[in-house]
């Protein structure tokens, strides 16, 4: 238990302390994070623990807030409530055994993490991938990106107090999950990429389903726009809120829609082209407003661009194997050396760095989560905004806490 | 003045929103009313449920498994435990042959342990359905079941004796005519819901068709 | 922030810092474009130069090798991308690095994470509390046991890297193939040792 | 006030109060069910479905659950204030129903200052929210209470201005008389002459009753549950009932003032009144399931910069026309 002096930096004792002193301790009860945070606070401020159980901290993020009325003086995210030490697990499991973990780092865009890990291993071990598998990876990964954006869209509106859009988004997302289930066998935590290919080949039903889904979603997007994007209440809530200037993006190493909403046309699919992305005609949506609305618009535009990629890929899907005939057995040994592989996830640049000493299991695996860097700028971004804006900013960063905590 | 007109235009977006939700209000729902309705078997066909053993073509109650333990070592979560079937007691003839061989100074030919599992337990509560065991199995004796609606009320419900499960399933297959067996692939494993037999698959309208 | 015309390749950019080792890499093989070994003292200066040139910090990875503890800083650029790995080797007895969180603010969390996992102290970090691990937890989970440690040369072995070395200081022998550059120990012993490391943590 | 205090009139009021309590209780159940069904249909879900046919007993089951739950008070909460708040939120609302004329015969207490009575007692609600937020010793509750006070105080003014415009026009504060001044046909209703006042009244009523998109005192994505964060069981149930009762009152007054009360094109009676009230309630629900929530400063800006000036202008214009 901390003494009353630790609470107030100006030396006064806790005003809530009763004559017998019993109350004071309860008032300060809190862990080291709260106590340290309170030390820097002004005496008239209110310290609010938002989370770890809070409706709009998506999972178990905790944010310490120093409030002046409803204005945020200072904010500090406290992480670790969903930490599972994936990097340690990677060191004690063979690459094939570690694959299921990748579906659980970021459960909303699991296939991008699949790809980052598979890509790093393939690069290190020089494993070849058949062309058909590359196309199938692109198609499933983009479908997964759309499902992630749809869920973000619904959840963001939920944060802003609109309950209905998430149900419409789930209606469409359900079809996506049916399609992805055909390819991966599961509906959320996919682990379907394999070293040297993909787990299953595309069935005619899958190809047919994707062909039907593209026009369906395109026909739904105008409804989304009319119901939500153009809604004046929403626009007033998120326009010019949470401004992230370009230099802040660089200083924090943010990426994905956060960077693109600030006018930086950075997309790993273009910057470090991997797989067959260079064969498709698509745009990188960029907005220059730097606010939450810009990030919102970037994601909505990305849904359309992903549809474009899928459309081209499904039409030009080559015949052939879905696994390379020389693909390694699950118990293969990684050669010694290092490799870094980055892919563009729904939240930004996902990176996997593998260092191997030639043993059965990797020597070190580093997972670079985009949300980690994106969330880091929240404290600076939220300063001086309203409590309701903090919710709007957190949502616009599209956090997936398991990915940030790993 | 211009700002007032813009405000009025902005307010119109609220009316548009009401129009959209109003329209959706009049449309039928998309929910599948489980357990009165279930998703179609086609939608469940690609689902990777808890793994199960695959029987021999000749004798569906006996697994193809040769107890090579590859699945046990491939599993990232240690949810499979397999033991070999016990070596059968040598018959009197074999004992005699062994004694003779020893007498001749040769290495006696002991009966080899059968290439079959004695027990095959699977803890679904640990499984992440990654499919490592399915892929590594050299004789294709492991497959994913299509159990979408599996429920249990306690942890032990998810520890399967796969050999018993296979036997029950084979027995159930035999009992129902072939066409029906196709509609209800999971017949009677203990935690499987009764609904997969009693429900009326095919009448449901899954979200995928909406 | 920085106009595109200001783009200078890191070999020129880092030259004043006298890196002990600087090499061109083949991105197709390692995903890196450049790699450099720097001393801990030169790190803040390098971070400043890189930020001014428009580089951002991707991540900081710790690494426990036979030669000591290492931190790898991955930098990248939004425009004209190409990954740069800056490696800093520390003494295992006193793993201390200067913080660059005042330059790249995003480094604060990366440093705290590395401190959690490896026990590396970052002097000057504005908020040196544990980030992902609980407060008061003993030990650092990614440190390896004595037997499990591999030599750096084995981990960073890239065929043909010797040909693309741009700078190499006198007496820089970290990447020279050691006598046992091959897997240090049989996998079994290694796994056992890792377990041991986990127990320590 | 011209009501003479006699035994008869007291009995009448008491009976009316009992009737109102039953009415509010039943309506609470009905509206909870309706709200959830509306939400369900808008979101293409069935809504409550399992308890009773089409789930009609769901609200009853919920009510039983709430009644059956233990009353829990946080350790450091002020017991008096904490328990006073839900009571104060619910019971004054019953009084608001007294002057409302459901039909010429079905009026609890036909008092000639009915409007004033409603506006005066409606002020109790904000006190209850303040006590709830303050008394529960919870930071979210406190923030919710602060929001509730600022919001209720602000939105009372345009509400009053809109009501005054009608009172000017009709020259009376008696609700029965106001209905009497309107005809049965829709074009004979006050909404035709006073559309702006209707709009101001309805928006302010949303603000007063803390309904979405103005549900800031409880804004669950910001303040978890705002002023009633710490309440469970019937403590929460009372707030819940009070919210719906307040909605009914607001819609009833709106019906009386603007939509001709019990009068209809044919067969005047309470059914017209109820139909209009439920129509308004349904649109309130429709709004809730369509719009995002506004931000607090925007909420106040809307009031002070738009509703208030418009209300004043409308009132002046009404006064000017009436003078002519």
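By letter and in written order, the chains are A, B, C and D; residue numbering begins at 1 in each of them.
By our rule, a contact is a pair of C-beta atoms (placed from the backbone, for glycine too) under 8 Å apart; a residue touches a chain by one contact, two chains touch by 3 or more.
Being a predicted model, the structure only gives us computed values, none of them experimental.
Enquirer: Select the chain whose centre, defined as the mean of its C-alpha atoms, is least distant from the mean of all protein C-alpha atoms.
Expert: The chain sitting closest to the overall C-alpha centre is A.
Enquirer: Across all chain pairs, which one has the most C-beta contacts?
Expert: Most contacting pair of chains: A-C.
Enquirer: Can you compute the centre-to-centre distance for chain A and chain C, using the mean CA position of each chain? Integer Å is fine.
Expert: 25
Enquirer: Counting only Cα atoms for the centres, state how far chain A is from chain D in Å.
Expert: Each chain reduced to its C-alpha mean, chain A and chain D end up 42 Å apart.
Enquirer: CA centre of chain C versus CA centre of chain D: separation in Å?
Expert: 64
Enquirer: Just curious, how far off is chain B from chain A if you go by their C-alpha centres, in Å?
Expert: 31
Enquirer: Please output the residue numbers of chain A that touch at least 2 other chains, ranges allowed.
Expert: Only 164, 168, 171, 227-228, 231, 233 qualify.
Enquirer: Give the residues of chain B touching no fewer than two other chains, as numbers and ranges.
Expert: In chain B, residues 14, 17, 20-21, 24, 30 touch at least two other chains, as defined above.
Enquirer: Okay, in this complex, where on chain A does chain B touch?
Expert: The touching residues are 93, 96-101, 103-104, 164, 168, 171, 174-175, 178, 181-183, 185-186, 189, 191, 194, 199, 203, 205, 209, 223, 226-228, 230-233, 235, 329-331.
Enquirer: Touching residues of chain D toward chain A in the complex: what are they?
Expert: The contact residues of chain D facing chain A are 39, 42-45, 76, 139-140, 142-143, 212-213, 215, 219-224, 288-298.
Enquirer: How about chain D: which of its residues touch chain B in the complex?
Expert: 38, 40-46, 49, 286-287, 289-291
Enquirer: Chain C touches which residues of chain A in the complex?
Expert: Chain A reaches chain C through residues 31-33, 36, 76, 79-80, 83, 85, 87-88, 91-92, 120, 123, 246-247, 249-254, 259, 264, 266, 271-272, 336-342, 349, 351, 353, 355-361, 363-364, 366, 368, 372-373, 376-377, 380, 405-406.
Enquirer: Which bits of chain B are touching chain A when the two form their complex?
Expert: 10-11, 13-14, 16-17, 20-21, 24, 30, 42-43, 46-48, 73-77, 128-132, 135-136, 144, 206-208, 210
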